[in-house]
Every structure is written in structure tokens, then in C-alpha cells.
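Okay, got some structures for you below.
Both complexes below contain chain A, partnered by chain B and then by chain C.
Moving on, here comes the complex of A and B:
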């Protein structure tokens, strides 16, 4: 059973059955745009979106998550002892996650689940999640996933891939998790879909016209790029907000904060952003990235150079286009990636001319 | 408004060539419809990159803070008022600036326009009062008035209030009721207000694009970033989110020009202008004050006058 046919008439029923054993998340329209949310019982995901405003990373990595509690009440037996909180690790599924966002989860996982260190909150959440992808037939002009090693029908990171047809969904089963999910829903009408998919995939890929070039990034000298002459020009407009990093599905940085109320306290993980001055501020008052140009350079160097060098799996960007369309001042990662990729130091340029 | 381009380039080129300024701050064409990118030009030959159209909603006064160069700056009405405020607040000196004034006819609301069409907007062009929007290869024509930023629709200072050069003749100022939206909220009972603000702020992700796009928010360390003491929590607790918004708005009282840069920058489309606008209305009604109109007077919350209104002291 690689392909399953889901009649749209069976869809709601299947979801209702699934909600007995899974928490379901799906896209939903909020005012003028779409975001992922936990679906109420009987609520349907709304697949009329091209891409959500925020990425679904918050389902695995919430913007603000309490991880530890403690008491400062000296009469309590366990005062001043940090007690970890059991986070909810019951099975959940993200319905209609786009292939770019699913691949992004794999990239974030490179950082949160390594042989040496595992972020327990992330690992637990990831284990508990089934990724039900939705192939992208109408990519936006800001999408450039085909040049980032992803694509509108990319399967990496997915357990199931849904392809929407008029009266049915074609579901490609990709993992055991995906199979279990389809079975739990009672979707078991096997079908043949490979040929259909190939044609649709080619059509969708052809619609993506934006791209980035990255073939030279790995061989560029790190310090040359760091000292490149274009940073001041790119950074000028930047207002150092968190829009690009907060909306990005691959950004993983967080900050730890303790909050005390009366005699009880909690420790939280909050999203952080290398664009914020506080990100690198030392307790001495020194800030090694004290200017906005340094902060902006960090974002692009991390995504397009340090990550490339460290993991050798391409850039830390899946081409979802969120930062491109939402940056308030139009700083476009596609342009920056090309500049970095094609950068030649003045000396190198001279040698070539000789 | 794109007919201003030639004049803007000509003036900028001249200023740079004659070394009257070290740089000109303006806009260059963006990589997306309805987006232009703030930029600086240092070489006269690059002045041709400068553009002007109805997608220049970012407030360029934001880019002047603490700069030390001699600067030519393109300024629409609201930018010019924030430049005045910057000068009064010693963030830049008048002598450093050559202000290239642009009479403004309003900016396109990118959030609103995007939400009007189901498909992806490929291109937006303008011709006088008409805007042509291409979606899925189809051209839709709209009146510019229907897609104006909310603050532009009620703007009463479209012409620069301070300038050294002007790119065109002044445009006619609008005679409009600026505060209808504020009055609607004022008329709500406390519970309705509570619910209204709760809903308004619930999508906020605290990216701070609003405060960072604002020329008034130039404190070296914003109160939200202070840790000794920590005034406000950093998580998503609604009390902390509201504290950020309310405090920021009060800090802008008597200084805000309603340029709309904050609302334009917000990635989740929150109209946080309702807060600053209420304070702007109070400044106007209680002190007869509109921010950034003159270099000769300090803002009302900066000064004490014996006849300041005091009815609120019971």
C-alpha cells in the first residue's frame, strides 16, 4: 500500500476517527492570512492556503514553553529544587504541512538531536508527531524551494504526502508512521498514483521561477565572506526586528528566562533572534555583535555559510519565502545568497583580470 | 507619484557631486511588488537607483538617528515631521541635513491589497489615481483611494513641513476627520475595550518590527530589553504583550506623527496605531499640539506650562 485514495466524502469521518488517538493541527484562516492551529473536535483544516504566515515549527518548538518549575518557599520540602515539567508528548499530527516546512524540521533536527546532545523537549515532540504533507500546486512568486534541495512535492521529513484532486486526495504513504496514521483513519483503498504524481510534480516545479545559486558557498573562504564589502549596503535598511527569524521554519535559537511570581517560579524557553541586540549581550555590558550590520551578517552567514560548512547538507533555508515577503524593508535572502555565492575579493578579481 | 523620480535623481546627483552631502538616503526598487528598500547612495553615478512611488511607506527619519555624516534625505510629509522631532530631540542636527521634500499622495496598504486577492500578486503599477494589480496574469484596476494605508487616508500634512529642496509643487491638503476610529473605541464600555484590545493583540509574536520601524523608538536599550530591573516578561503571556504595547505607545505620546510605519511593518497585520493615535488625539485636544510641525517649540510632555490642562486631577 504505497498509495491510498481518500474520497473527500470520507475525509471528515477519517479525521473524526483520528481525533480519538491524535491531536490534530492544521492550517486555518485568521483574519487576512493562514496559520497552523490545534483543530477543535470536528474542525477541518482549511487547505485553501499557499503558505502560512508563520511556519508550523511552533507545534514542535513553541515560541514560549515552560520547562522547569521551582518553589522559593522555604517551608516547602522541595524548595529551590528545579523540577522539570512533563511536556505533552501524546501523538499528534500536522495536517497539510508544506514540503518546505517538513524539510525545515529535518534541518532543525540537525541541531536539536545530535550524538552528543539531545534537546529532550524537541526530541519528544518530534517522536510524537506525524507529518501529513500537502503537495504544493500553486507556489508563490517568493518560493524558491526547487533550488534549495527541496521542492513542491518533496517527501523528505514527511510520513504521508497528500495530493489534492477534485473529489479525492491521493495519499502517498512514506513511512510506518504514515501507514499507521492512514490505517487509524480507516483510509485503506489502495490505488496506483505514481504516474499522476510525476506529471503534477513536474508542472508544479515548473511554476517556481525564483532561485538561488549556492554552488560556490562551500568553497568560499569564510573570512573573505565575513569581511565582504556588501554587508553595509545590505544591512542599511534592516531594522533588526525578529520578523525574518521568527517566521523562518529553520531558525532554532532560543533564550532561557526565569520568571518568579510570589514564591513560585518557572523557567521558560523563548524564541530568540540573532537580529536582537540582546542576543549576544554579555553581563559585562560588552556586545560582540554591537552593530546591526554585525547582526545581519550573522543571520546570513549562519544560514548560508557556517551551516553549509558544518553539516555539508546545503544551506539552512528551504526557500519558503516567508522572510522575503515579510521583511518590512525588503531584505531579500535570494539576493544575499547570490551575492555571497558570487563574491570575489578584490585581490581575486585582480588575479582574474591579469 | 513616480514622476518625481527624475527630479529626485537630479537633486541627489547634484548634492553628491557638489559634495554638499556625504550620502543621500532614499529608496531603491524592491524585489517584490509593493516593496521598496531604504538605501543610501554615496556616488553621484548611483543616484539613478533612487525611486519614488506609492510603496515608500517606511519612515526614513528612522535612518538618521545619531548619524554623523552630512546627509541628503528624501522626505514625504510624515518623514519631515519626524525629522523635526529628531532635531528637537538631538538625534541629528539641522546643519547636517539637506532635506529633499516630496509632496505625498499617500502610500499603498500592502497588507490590505494582498488580502484583497486570493492569488499571488505579481505586479503592481500606478497611474495617477489608479492602481493596476496583476494577479495570475490578470490585471485588476482599483482606485488608489481604496488601497491607501489607513493613516494616509486621514493625513493632514502631506506636504513636507521642513525642506531645502522640493521635488514638486505642494499637493492639496485633505480636510478630514482624523479621529473617528479613536472615538469608536472611546465609546466602548470597559469590557468591550478589554475584549477589543485582547483580540487586537492576540496574534502578536513580539518581533518588535513595530517599534524598530518607528523613528521615535531610538532608546539605546528599550525597556523591553532591560534586565536590571526587568520591567516586562519576555514570554507570550498576554499581560507582558500588552505591557509592551501600552508602554511603547505612552512613550510616543506627543511625539507620534501617525506615519504608519509600525502598522506597515507588522508581519501579522496588527493595527497598533490605535494606541498611539489615542495619545495623538489627546495631545491635540488638550494641548493643541501636533508633533513635528515646528523646530521652535518643545513637545507638551517635555515642558510644563502653568495653564496645562488639569481636569483629570480630582
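Moving on, here comes the complex of A and C:
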């Protein structure tokens, strides 16, 4: 059973059955954009989207997540002793996650699940989640996933891949988790889909014309790129709003903050952004990335150079295009990536001219 | 799965004012749960997050030494929200301790080598940990000559004065204490740390390593002195500081290039630091 077909008439029934054992998340229309939300019983995911405004990373890595609680009441036996919160690890599924966002989860996992340390809240959430992808037949002009090692039918990080057809969904079962999910839904009509999928994949890929070049990034000298002359120019219009980092499916930086209500308190993990001065401000007032140029450079260098050097799995970008389409001043990571990839130091440039 | 965010509960066992201006205090913590002290096994040069529930956390170098058992010590400068709160806490108060975090001075590499320690002001905490570790009868024979240059503004601003005096009297460690300007009763060096280093420190060679911790201005003027004395960049060991939150390499803010100060550091050689952006 590699492929199953799901008649659209049986779709709602399957989801209703699934909701007995899974919490379902799916895209939903809000005003003039889409976002992922927890689906109510009987609520259908709305697949009429190209991509959502925010990535579904918050389902695994909430924008604000309480991880520790404590009592400050001196009369309590355990006052001031911090205790981990048992976060919800019941099975959940993200319906209609795009292949780019699913690959992004794999990249973020490199940060949160390491040989030395594991973030237990992330690892638990990831284990509990089934990723039901939706192939992208109608990519946006800002999409460039095919040049980032991803693609509109990319399977990495997915448990099931859905391909929408007129009257049915074709589902490619990719993992045991995906198989269990399909079985729980009662989707068991095996079919042959490989030839069909190959043709549609090629058509979808051909629609993606934007690209980045990254073949030189690994061999570029880190300090040369850091000192490159183009950063001021790129940062000129930047207002350090942080939209790029919040919409990015691969941005993982966070803050830890305590909050107290009366005699009880909690510690939270909150999304943070390298675009904000407070991210790196020392108590002394010294700030190692005190200017917006330094902060913008950090974001691009992290994604396109430091990450490349550290993990050797390509760039920390899946080409979803969210930062491109939502940046209020039109800073375009594709242009920055090309500038970095093609950068030659003045000295090297002169040598070539000679 | 171990939860690296969850601190060990500790009780403040003792608080000592560490400098004459009262801006530094040394906190001695004992673990509440049996077994936690073993789990907290650390090396000299590492740091930990002091975790005050409801206030926040602060990364501080461990001032006690792995050879001291039954407690851990931190000397804390009153500077921001968490450290100011900590300075107002009392003996007996309960809080948290998360760690040990980061790497440490490369003790395996330093075995059999001469060690020069250069410290300034209150950046002497992990250096104290290191000296106590090296002077331990079990360890002293593993190292060659030990020279320590330690400077502060005034005699009253030197940390761990009783221990400094005791080390002065030993013949297996060469102490070079200095203060900025002459003071009554002061019988050691007078002058800033870099020139005293130039006069007193041994020449650098393959078998001699320098460990340098101090304020940026001291570092700035000490590095050329060490170069002049013949210390190669991979023989100069430093400990960096940056704003931190998680302390184990995930939250992203302390990066200097692809290295994270909290996890890949805080200890780097000057050679390594020269290959990373100066974002600390």
C-alpha cells in the first residue's frame, strides 16, 4: 500500500474518524490570508491556499510555551522549586503542510535534537505529530524551493503526501506513521500512482522559475563574507521589524522569560529574533550586534553560511518565499544569497581582471 | 530524556561580600537533592545558569573547583535584574542551578605544560577554580611552572584575598599581584596588569600556555604583551562572554559566526577567536 486513493466524498468522514484519536491541524482562511489552526470537530481544512502567511512551526514550537512552573508561596512545601510542565503529547497531525514547511521542520530539528542536548518539549511534540503533506501544483512567484534542495512534491519530513485531483486525493504513504494514519482514517483503497505523480511533479517544478545559487557558499571564506561591502547596501532599507524571522519556517531562536501571577510563576520559551537589539544586549550596555546592519548580516550569514559550514546539509532556507513576499521594504533573500554565493573579495576580483 | 531547561534546586548556604565596594558577593550553594551534586560534575572553566524563579537566569562562571566537594560557589557582580535580585537574597533561600555548561580550559592539553594565568578585576572566578584545581596535591605534579598575574584597582577589589596571600607564601606557584596605584600596607606590585605581565611573566614557548581573563581594556593591552613575550595565538586561551539564555546552544543569541559562545565556548584560543566575527 504505497498509494491509496481517497474519494473526496469520503474525506470528511475519514477526518471525523481520525479526530477520535488525533488532534488535527489544518489551513484555514483568515481575512485575506491562510494560517494553520486546530480544527474543531467536523471542521474541514481549507486547501484553497497556495501557502499560509505563517508556517506551521508554531504547532511544534509555539510562539509562547510555558515549560516550567513554580510556587513562590513560602508556606508551600515545594516553594521556589522549579518543575517541568507536562506538555500535551497526544497524537496530532498537520493536514496540508506544504513540502517546504515539512523540510523546514527537519532543519529546525538539527537545532533542538542534538547528540549532547535534546529540547524535550520539541522532541515530544515532533514524536506526536504526523505530517500529512499537500503537494504544490500552483506555486507562487516568490517560491524558489527547487533550488534549495526541496521542491513542490518533496517528501522529506512527510509521513503522507496528498496530491489533489478532481474527485479524489491520491495519498502516497511514506512512513509507518503515515500508514497508521491512513489506516485510522479508513483510507485503504490501494491504487497505482507513480506514473501520475511523476508527470504532475515535473509540471509543478517547471512552474517554479525563481532560484538561488548556493554552490560556492561552502567554499567562501567566512570572514571575507562577513566583511563584504554589500551588507550596508542591503540593510539600508531594513527597519528591523522581525517579520522575516517570525514568518520563516526555519528560524528557531527563542527567549526564556519568567512571569509571576500572585504567588505562582512560570517560565516560558518565546520566539525571539536576531533583528532586535535586545537579543544580544549585554548588561553593561555593550551590544555586539548593536546596529541594524550587523543584525541583518547575522540573519543571512546564519542561514546561508554558518549553517552551511556547521551542518553540511545545504542552506537554512527551504525557499517558501514568505520573507520575500512579506518584507515591508522588499529585502529579497534570493538576491542576498546570490550576492554571497558570487562574492569575490576586491583583491580576488582584481586578480581575475588581470 | 534529561531536561536541560530544568535547574537543580539549591539552597544558599553562605553569602560573603567579596570586594570592599560590596559590588561583588560570593554565593555558596548546596544541592537540595542527594545525587544532584554528582550530576553537576564540572571542570574548571565551565559556567552555570543561576536560576531565580520568577526573576530569571544569569550565566556565571563557576568559582569553586572540581576538587572542592559538598558545595558550589559563584562570585557575582551586581549589574542587572537577576544579579541585583540575587544580591538581596538571604542565606537559606531556595533557587535553581542549571549546568554545568560550556567547555573548559583544555586540561588534557595543558598537562605537563607551564601555565601563565593573567586575570583582572572580577574576571578571576574560573581562574580561582583553575588554580585550586592545579594546586591540589593530586594534580600539582601534572603541571609545570604556574605563574599568576592578577590585578585590581585597589587591594580591597582583589577577589579571594585570603587565598591570594596563602598562594604568595607557597613555592609551587609564582604570584604577581598588582594594584593600579600605591596603597598603604601594599607590599606587592603597583601598575596595570599588562605592564606587570611584561615584567614578570615567563617567556612564551611551545610548552607554555597563557590563560587570560579580564575586562576588555585589560585584554586589549595584554595580548600585544603576550605576543611580544613569544606566546603563539594557539597558546593564548581566553574565555568569552555574551548574552545567553539557554546556555546549551539552542536559543541562538550568543553566536560568533558558526560558534556558539555557550556551547562551543566559552573557552577559545586567540587563534580560534581571530577566525570568528568579533561579535562578543
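Note that in this section the second predicted complex is superposed on the first by the 354 of 354 C-alpha atoms of A that agree within 3 Å, B and C clash if a C-alpha of one lies under 4 Å from a C-alpha of the other, contacts with A are read in each partner's own complex, and residues count from 1 in each chain.
Following the convention adopted for this analysis, a contact is a pair of C-beta atoms (placed from the backbone, for glycine too) under 8 Å apart; a residue touches a chain by one contact, two chains touch by 3 or more.
No experiment lies behind these values; they were computed from the predicted model shown.
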| item | value |
| --- | --- |
| Touching partner for A:257 - first (chain B), second (chain C), both, neither | both |
| Partner chain(s) touched by A:233 [first = chain B, second = chain C, both, neither] | first |
| Touching partner for A:77 - first (chain B), second (chain C), both, neither | neither |
| Contacts of A:298 with chain B and chain C, given as first, second, both or neither | second |
| Touching partner for A:31 - first (chain B), second (chain C), both, neither | first |
| Touched partner set for A:329, first chain B, second chain C, both or neither | first |
| Chain B versus chain C as contact partner of A:243, first or second or both or neither | first |
| Overlap of chain C and chain B interfaces on chain A (superposed complexes) | 255, 257 |
| In the complex with chain B, residue positions of chain A that touch it | 30-33, 48, 50, 53-54, 63-64, 138, 140-142, 233, 236-237, 239-243, 246-247, 255, 257, 259, 268, 270, 273, 276-278, 324-326, 328-332, 334-335 |
| Residues of chain B that touch chain A when the two form their complex | 30-32, 35-40, 58, 62-63, 111, 114-115, 118-120, 122, 203, 205-209, 212-213, 221, 225, 233-237, 264-265, 267-269 |
| Complex interface listing, chain C residues touching chain A | 1-7, 9, 32, 51, 53-57, 79-80, 83, 93-96, 241-243, 245-246, 248-258, 263, 275-280 |
| Residue numbers on chain A that touch chain C, as the complex places them | 67-68, 70, 72, 79-84, 111-112, 114, 116-120, 123, 222-223, 226, 252-258, 260, 265, 267, 269, 272, 274, 279-284, 288-289, 294, 298, 301-302, 305-307, 309-310 |
